[in-house]
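Each in structure tokens, the structures are laid out below.
Both complexes below contain chain A, partnered by chain B and then by chain C.
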Partner chain A sequence: MAYKKAAKKYSGEIREVTLGSGDKAVAIGGKNVLPIHSFDGNVGNPPKIGLEIVDIVPEDWHDDLKKIYDGVLEDTAEWAKFAVDNFAPDFICLRFAGADPDGKNKSVEECVETAKKVAAAVDLPLVIAGTKNVEKDEKLFSAVAEALAGENVLILSAREENYKTVGAAGALAYKHKIAAETSVDINLAKQLNILMNQLGVQNEDLVMNVGSAAVGYGFEYLSSTMDRIILAALGQNDSTLQMPIITPVSTETWTVKESAASEDDEPAWGSSIERAIQMEVATAAAVLVSGADAIIVRHPKSLATMKTFISNMLGSGLN
Partner chain B sequence: MEKFMVIGERIHCISPTIRKALDARDPEPILKRAKEQIEAGAAYLDVNIGPAEKDGEELMQWVVELIQSECDNVPLALDTANKKAIEAGIKVYNRSKGKPIVNSADAGERIDNINLAAANDAMVIALCASEGIPADNDERMMYCQQMLERAMEAGMEPEDLLFDPLFLVIKGMQEKQVEVLEAVRMMSEMGLKTTGGLSNVSNGAPKELRPVLDAYTVAMAMMCGLTSAIANPCDKKVMEAIKTCDMILGKTLYADSFLEL
Partner chain C sequence: MALSGIEIFKLTPRKNCKECGFPTCMAFAMKVASGAVEIEKCPHISAEAKEKLAEATAPLMKTVKIGTGDYEHALGGETVLFRHEKTFVNKTLFAVQFSDAMDDDELARRMENIKKVDYERIGEQMHVEIVAVKYTGNRSRYLDIIKRLKELQKIFVLVCDDVDAATEAAALVKETKPVLVGANNDNLEEMVKLAKESGIVLGLNAPGVEEMYALVEKTHQLGYKELILNAGSENMAKTFENAVEFRRTALVGQDRTFGYPSIVFVNELAKGDSYLQTALAATFIMKYGSIVVLDDITYANALPLFALRQNIFTDPQKPMRVEPKVYEFANPKEDSPVLVTVDFALTYFVVSGEIERAKVPVYLLVPDAGGLSVLTSWAAGKLSAGVIANAIKSSGLEEKLNRKRLILPGKVAVLKGDIEEELPGWEIIVGPSEAMQIPKFLNELN
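Now for the complex of A and B:
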């Protein structure tokens, strides 16, 4: 008997969400099969990779990484432009590390100015990330959402504690996209989406950040959570879980000891910058095959490696 | 592992309001009930126009087009003894949200409705009875087999048949209840989809007890594998039972607001 290829069909699909505006807008999501299972059906938009930049000179970043941006670190808008011109990411993640009340505690007004300059300097979609301090982020996101009205940025992110303010300002008032963030908690991920819907935020304006972890640091738990979310979205056609997923990788991988330990402390481990890139790439690739539709990395080499990986995995000849 | 499918039962000519609206071709009461049921969680709506011997074809087409055009092409179960009316309804039916369901065939005089469904690429409710109530599960399962074979011969996929074990009234036929549940289990173990008229079980019981009887029956039947029911989605207790069972059975993912979905 001739071999008959069986395709796994699902009743649901991940929604497509567009970030940014104009020619450089990017769409994420749209798949109706498991990640990169192009032999089963439509894999949707290829995963998009963004580069992270921050609003202050990042003292805690690896020297070799800072060297790449020598001369532009002092000016966030210049930095953004340099990153776009030289490394061609799919989007820029502007993280307001400087707004952290435990750090430089920059004012919301200062941050808004920075956001406006960056938005003017680059035409790629922006992802606006905060400080992880829920009160500060609430104020920061509301003000930045207003200042960037029309840019269709992704606000990263709304959490259980501040989703009402962030959702109302970000999506309802100023028509941006919102990432609903939970910490590797499948039931809360679903619940937060439902709460967002009840607030009036449309599913079309929602992305999920279901948490992140570096490989070796609870990654299996993250991966199984993503699996279960995607299987519920596709297999159970659960519309409350059909949002594309964005996963910030850099904020996890650069602080673990494999990346952060100095060459003096761990002479046997080899070049510290190579190790850090490897951790970032290994995590990003693992997150991608777990189902992330957008990923944020820090090193341009990680970006380039991931872009090659995606085009090889999803390019022609694999079906 | 699909979610339990509720086929809303409230557009039925036994209701004086619906009877009157059907006779007068008055859209408003029919659409009101359609929308209420969809809002409450019905996946399909049953449309029972009665025997409709005189104007069945025209009436079924009118009501199918009315409901689907106003309710985002909600899928329907076409429920009448008039075969020509069912065929007429299917002719104008929009399949974008699901195939039409022929309600119903049985193993007796109405077995040809299986062929009607097959010829029209429809689903069909296959009532495991021939004349009257089956004496036992041997008889039920024999009918189930007969109808399955008839459908396969006609080229249908088994998943397009919804086998109905015939739910029976508790008040009066209490001794039959476990048998019906066992029939659901046997059909489920054969990989077949099942359905049934849930509110049969509470017929004749005081109004305040009907939701209780229906809710517990559907919960026990779901444990036996029941995949759908013709039920009243506006009955809060029944819907709570179905949503909770779907979750316990792993067919939906838990979230604190699960009853609100």
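Now for the complex of A and C:
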């Protein structure tokens, strides 16, 4: 008997969404096959990897990681430029950790200033991440959206509690892209996309953040949720689930014990920065294989590794 | 591929003698097809027909066992492509690779690392299961290394396409049911002969999917089915394609030719880049690698990889839970604090592990939180001030304690006020948000 390929042709396709403007704009999504299955057909745009930076000196970051950015941590725009010049990410994720009401509680005005400076300093697409506090994020995102009109940033993210304001300001008024964030559940993801549509936000302007988890910490739920979403998007041609997926990896992997335990606490485990990068890289790969079209990492080494990984897995690398 | 009623009908003698209890052979065949009756109920059925039916109803992907006794492991036997459809049954095994080109220091270092990385995570002992030994031409060194590796008591994967070397190597370890990865189009007959004689599992090498398919068919013709397919060691994209095609052809294409476990040499794909090796290992845990071969094992790569494997190979329908009740640590007394957590097994094991590390006497109250994590159960309304207060009241702790302190997980600090109202006389303390901070927190608590 001769070999017969059992590939399935799908009727649906993940939509292509463009972030940023000008020469450095990047497109994500566009696949009509399962993630990384380039041998089946069109994998669309290779997944994009962003580096995370924050608007304050990140006290909780690993010292060895902060050392890489020595001298630029105090100035977020300098930091962004340094990251772009030295590590060549596909985009920058600017996270407003300093705006957190339980932390420094920086004012929206201050954040807007930072956002403007960062946007002026780099020409890569920006992803604007907030505090996880829905009320503060609502105000923060609206103001930043206005200040960065024309930049076509991705706002990460709109949730059920604040999607109306964030969607209206971000996408409708100032023409940015919005990531709709839900908690590891296909039905919730679908529902929020539909609500966004009803608000008037076009599918072309929508991305999904369907939840995130570090490997070992409920990751199986995330991976299965992503599998189900992609199978529905491709197989059932469900247009309410055909948005590309962005997954923040960094905010999950650096706090779990495998990464964060000190060498005094776990002497057998060895170098903690080494553990943290390995944890970030393992989670990043697992998320990409599950179908993320963009991910956010923290360590430049993770970024470099995942770029090599993607180009080789899609068959375009040197290997 | 299950047979249809018509196909089974063709296997019957078509005598319509009714001895099976059905009026016609056709009626009988229909019942057999639906699984309601055994083919044996027809006394006239031929042995050949029985075998055909058995073949047709065998699982699409074979379960292959390697190792013996306490070290035996099953590979393959999967029935689905995605874990939400059905539990993945046989977890990916990890191997560390050695070779005859390796000097004694490197050999000792890797052996030491294998011994060192042996730890418990959520009730499962984590360690590398396999040593892979690659032959590069130095026969006596190869055999010597195999002898020395026996001390580790791991399953052997011999990576060797030289028939003579493989024969000698197999003789050293054949009683442990090893794997021999080395059969290819040129040496197949001899390798199959060796595998049959020594009862070992044979790993097949082919440059691509179609060549592999032909090679498996040839191996079948030689009468051997204890097989593992090498998905690759040279090109990442190609290796991924192979791993997916093997699994998909077997399960979706319902073609048992590819219904075997796979082995992936991520160490060679990564060419010495340990981060890339981890990214690739994670990939093949998720996508169909039965054995993943690494260059080396350290806690840095083991912690994420074993954690991911533990996640992926679990029942997707029901979260693992622990019994809701009060757990005691280090003989708690009437002034020991009460920590609260949830009945999600992952959370419980992480938290109890840290409490043990702290060596401080405490009670750990686990209410019925629906088997969900702290924030999930809180968001789902299953871990509320009321739930916690009721669990305290029915626990008998109020009567037992003369100093009443309740420690909340930091992630649900918002519950503090409400619990204070529900539990007068209790001091409600917000604990840290990550369990790893529990030892420090408890040791500083007074």
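Following the convention adopted for this analysis, the second predicted complex is superposed on the first by the 308 of 319 C-alpha atoms of A that agree within 3 Å, B and C clash if a C-alpha of one lies under 4 Å from a C-alpha of the other, contacts with A are read in each partner's own complex, and residues count from 1 in each chain.
In this section, contacts are C-beta pairs under 8 Å (C-beta built on N, C-alpha and C of every residue); 3 or more make two chains touch, one makes a residue touch a chain.
Since the model is a prediction, treat every value here as computed from it, not as a measurement.
Engineer: Since both structures carry chain A, what do chain B and chain C do when superposed there: clash or fit?
Structural biologist: fit
Engineer: Please indicate which partner A:Arg228 is in contact with in the superposed arrangement: first for chain B, second for chain C, both, or neither.
Structural biologist: both
Engineer: When the two structures are overlaid on chain A, which partner does A:Leu241 contact: first (chain B), second (chain C), both, or neither?
Structural biologist: Once the two structures are laid over each other on A, A:Leu241 reaches chain B alone.
Engineer: Touching A:Ser11 in the superposition: chain B (first), chain C (second), both, neither?
Structural biologist: In the superposition, A:Ser11 touches chain B alone.
Engineer: Is A:Phe219 in contact with chain B, with chain C, with both, or with neither (first, second, both, neither)?
Structural biologist: Touch status of A:Phe219: second partner only.
Engineer: Mind checking the angle chain B, chain A, chain C on Cα centres after superposing, to the nearest 10 degrees?
Structural biologist: For this superposition the angle at chain A equals 80 degrees.
Engineer: Which partner does A:Pro267 contact after superposing on A: first (chain B), second (chain C), both, neither?
Structural biologist: Neither partner.
Engineer: Check the residue A:Tyr3 against both partner chains and state whether it touches chain B (first), chain C (second), both, or neither.
Structural biologist: After superposition on chain A, A:Tyr3 lies in contact with chain C alone.
Engineer: Output check: A:Ile194 vs chain B and chain C. Expected answer is one of first, second, both, neither. What do you get?
Structural biologist: So A:Ile194 only meets chain B here.
Engineer: Looking at A:Gly71, would you say it contacts chain B, chain C, both, or neither? Reply first, second, both or neither.
Structural biologist: Touch status of A:Gly71: no partner.
Engineer: In the superposed model, which partner reaches more residues of chain A, chain B or chain C?
Structural biologist: Greater contact footprint in residues on chain A: C.
Engineer: Pick out the closest CA atoms of chain B and chain C after fitting on chain A and give their distance in Å.
Structural biologist: Here the least C-alpha separation of chain B and chain C stands at 11 Å.
Engineer: Can you pull the chain A residues that chain B and chain C both touch?
Structural biologist: Correct list for chain A: 228.
Engineer: Can you list the chain A residues touching chain B in their complex?
Structural biologist: Answer in residue numbers: 11, 186-188, 190-191, 194-195, 198, 228-229, 232, 235-238, 240-241.
Engineer: Flag every residue of chain A that touches chain C in the complex, lowest number first.
Structural biologist: The contact residues of chain A facing chain C are 1-8, 36-39, 183, 215-220, 223-224, 227-228, 231, 255-258, 260-261, 265-266, 268-271, 274-275, 277-279, 281-286, 289-290, 301-302, 305-306, 308-309, 312-315, 317, 319.
Engineer: What residues on chain C touch chain A, complex-wise?
Structural biologist: Contacts found on chain C: 82-84, 116, 121, 209-210, 213-214, 217, 234-238, 240-241, 244-245, 248-249, 252-253, 255, 257, 269, 271, 273-276, 278-283, 285-287, 298-301, 303-305, 307-308, 310-312, 314, 316, 346, 350, 373, 376, 379, 434-436, 439.
Engineer: Contact residues on chain B for chain A in the complex?
Structural biologist: 1-3, 251-257, 260-261
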